[in-house]
Amino acid sequence: MQRRDPLALPLLALLFGGLFATGLYAGAYWLTIVTEIAIFTIFALSVDFLVGYAGLVTFGHAGFMGVGAYALAYLSHFAGWPVGLSILAGIAAGALAGILIGWLVTRVSGVFFIMVTLAVSMMFWAWASRSPVFGRDDGLGGMKRMNLRAIGIDLNDPRTFAIVCVIAAALIYLLFWWLVRSPFGQILKGIKQNENRIRAQGLPVQSYKVAAFAVASAVAAFAGTLHLQNTKFVHPEVAHWIKSGESLIVVIVGGAGTLVGPVIGTFLFFVFHRVVESFTQNWQIWMGLLFIAIVLMAPEGIYGRLRSLTRKRAAPSREGAPDA
Amino acid sequence: MELFNFIGIQVLNALWLSALLFMLAVGLSVEFGLLDVLNLAHCTLYMLGAYIGYTVAQIAGSYWVALVVAPIAVTIIGALLYWGLLSRLRGNHLIQALITFGLLFVGYDATRLIWGVEQFRMAVPDLLSATVPVFDQTYPIYRFFVLGVGLLTVLCLYLGLERTRLGAVVRAGVDDREMAATLGINIDRAFFTVFCIGTALAGIAGVLAAPIRSVEPGMDVEILIPALVVVVIGGPGSLKGAVLGAVLIGTAETFGPVLVPDFASFIMYALMALVLLLRPQGLLPVKPAH
Amino acid sequence: MLEIGELRKSFGSLVVTDGVSLAIAAGAREAVIGPNGAGKTTLFNLLSGELKPDSGTIRLAGRDITRLPPDRRVKAGLARSFQRNNLFLDMTVAESLATAVAVRTGESLVFWRSFAASRHLHAQAEALAESVGLADRRDALVRHLSYGSQRQLEIAMALAAEPALLLLDEPTAGMSPEETRAMQRLIAGLPRSLTLLLIEHDMDVVFDIAERITVLDYGRVLVQGPPAEIRRSPIVRQIYLGEMA
């Protein structure tokens, strides 16, 4: 039932290990990359949970990153709450928004779902871009990181912050891995494969979609709070539909519905960006073309393709012979 | 009196913007309603129309040459895209939307690569450079020209839909795609022709817009959402819906920033979300909801 | 067990279900037959909740389920199999049955242990597979199953919901004679605790299994009675012979 993926563990060890090691030893330039990769991975994982496991293709998930970031900004910067508490509140805000919005948007599906999630996230963006409190489209700086000096951790040190983000990403990966192999995860799989069938078995499908949406939104909000602490700056761009689109690119290129895929995809996206950028200013063309190529030739993504290749080699008759 | 003049000018602005949005939305709407493609790169073709138009105008020294050449160029590019990519992916909405999103990325950088990052302003043709005193101000005739082209387009499309064989095929296809598909192999060619018309209109819209709005990278994303909202509100595949939607959004986009500057964007997105949730087939759908 | 009262459904000006009333006792074996377009599958869709009636009532074991959405009707004890296979193509037979069982038992809400470790789900899935004769193919991917096996799985999935009333929509549709006989044996072997209502075109199957037959035409009940009576009925002969002419 659970097919073994011989590649998963080594790949993950390589990726996370690589991030961790870079975080421990590399210089400032690489530290920023490590941190960005770790944070975006968290976001991408939450997108994969929705797209690849629940079958909910959202083009507006960045909106929930925005919710987390802005909630943290407001509470810690204006309301004077301790940052740690504000982070928790931000995650809770993300979950709550996920439930409310999830309940609304799961009323439609297909392209309409794509468009309505885009629209709703842009409502948030429009509000944020116009909000004088948060500096309109210029955004607002002066945000603080969480104060963990009581336990001997100084998050203002870039190296420490980078490592903490990597660990957070690994923990979020574990969270989703756990969820996905639970009965709840199996139900989501059923919803994605054949919503009608599982409804005919008596499942209140919409409730489960909303639950998945809420979990993914809470995690995206968490990514938003990390993003805010990383840049120490709150800006509406964090919620823009283009950012949601980027998360979809990352998930699809890496391999949707695999969890390992988004990790690979994020790596590729950031490394590709930096590498190509050193040669030419126009990295987006190449990223766009690579993306189109992968979508056309390997829609299951890089990890999806690797996985099917290794499975074929490992056990050709694993799936059970077809009936005569 | 002041107020009356002000409103009058804004109404004129709303009208020309509606005309522009209509020409953009028609292609998008038909692609969505007939071909079932969410083409996020449609407005990239609009942008290319503006850029190519600008360049042609520079070279040939004539706006009118640009108005003819640019749409043709854009249509060729669009046709290649359709033939090469989109026609292979019918039915899979996510993949299509993502591919067109990828094209958006590519298009954005491609224009920066070829034309750089500065803003351009295309010159209004001499023939239309006069202004007309109206509502206590001088209003450029060119904008009336744009409005005129928009109205002419509505008329031609309406006649085309009602009177030509292609139009009948389109109406059948939007009404019941599966049925239309069983009617014969010419369906694919009809779809392709329709796609090209929509793309040509986007190119024309680009050239029309160039003298008024600045030609710069990002002009595609800027107008994509309003165009999408027009399609959503009007109803995919509906000509009347596109007209209604264009007028509504053109008005909203013109009056919004003036009346409620901090809420205009928000309201537009909220409207889009509302229509998608409550009446996904649009306000003037091709077939009534059941 | 099931009481249908004056059920009506129209699509625009087309009346598909025209005041159908039917009462089925618990444990009964009932069949609904009729020419194509008679409204049989529409009736099933109205019963399972995919369609909402314009008027009329449906009572299941005395409970009014007319306004309930499809998933609540299943919880109330009604399950159906589909005319066209409607399965989890990329799961194994055992996996899809275990998923169905998880939905029924509410295990679907469990997020703290793994699906693979939920042994009771898999045990029940195995039992279900056996009951329809799919035990030896339990690790096969559903999409690799033969058509006949997939139809068997359809029934197993409906049984996984442990219904009181089972609606079978053309269970032998598209089957070869051997497959049909196997399906016939399967249905005949279902316990009496289950009430069966079946739509069928294969008259051999109908006369073998049904204790009472309802004939539908143009959305209306024409005739109702035991198989022998239906076989003799001139009205029935007319609509079937008339159709074949």
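Lettered A, B and C in written order, each chain numbered from 1.
The working rule: a residue touches a chain if its C-beta (ideal position, glycine included) is under 8 Å from a C-beta of that chain, and two chains touch if they have at least 3 such contacts.
Note that this is a predicted model, so its numbers are computed, not measured.
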Chain contact graph, described as a line, ring, star, complete graph or other shape: line
Centrality ranking, top chain (CA atoms only): A
Length of the line joining the C-alpha centres of chain A and chain C, rounded to whole Å: 42
Chain A and chain B, separation of their C-alpha mean positions in angstrom: 33
Between chain B and chain C, centroid-to-centroid distance (C-alpha), Å: 50
Numbers and ranges of chain A residues touching at least 2 other chains: none
Interfacial residue positions of chain A with respect to chain C in the complex: 1-2, 178-179, 181-187, 189-190, 193-194, 196-205, 208, 319-324
Chain B residues touching chain A - in the complex, by the definition given at the top: 32, 38, 85, 88, 93-95, 97-99, 101-106, 108-110, 112-113, 221, 225, 228, 232, 261-263, 265-266, 268-270, 272-273, 276-277, 280
Partner chain A, residues of chain C touching it in the complex: 48, 70-72, 74-75, 79-80, 82, 86-92, 94-96, 98-100, 102-104, 107-116, 118, 121-122, 137, 139-141, 144-146, 149, 157-158, 160-161
Residue ranges of chain A in contact with chain B within the complex: 51, 57, 59, 104-105, 107-108, 110-112, 114-116, 119-120, 122-123, 126-127, 129-130, 242, 245, 248-249, 252, 281-285, 287-289, 291-292, 295-296, 299
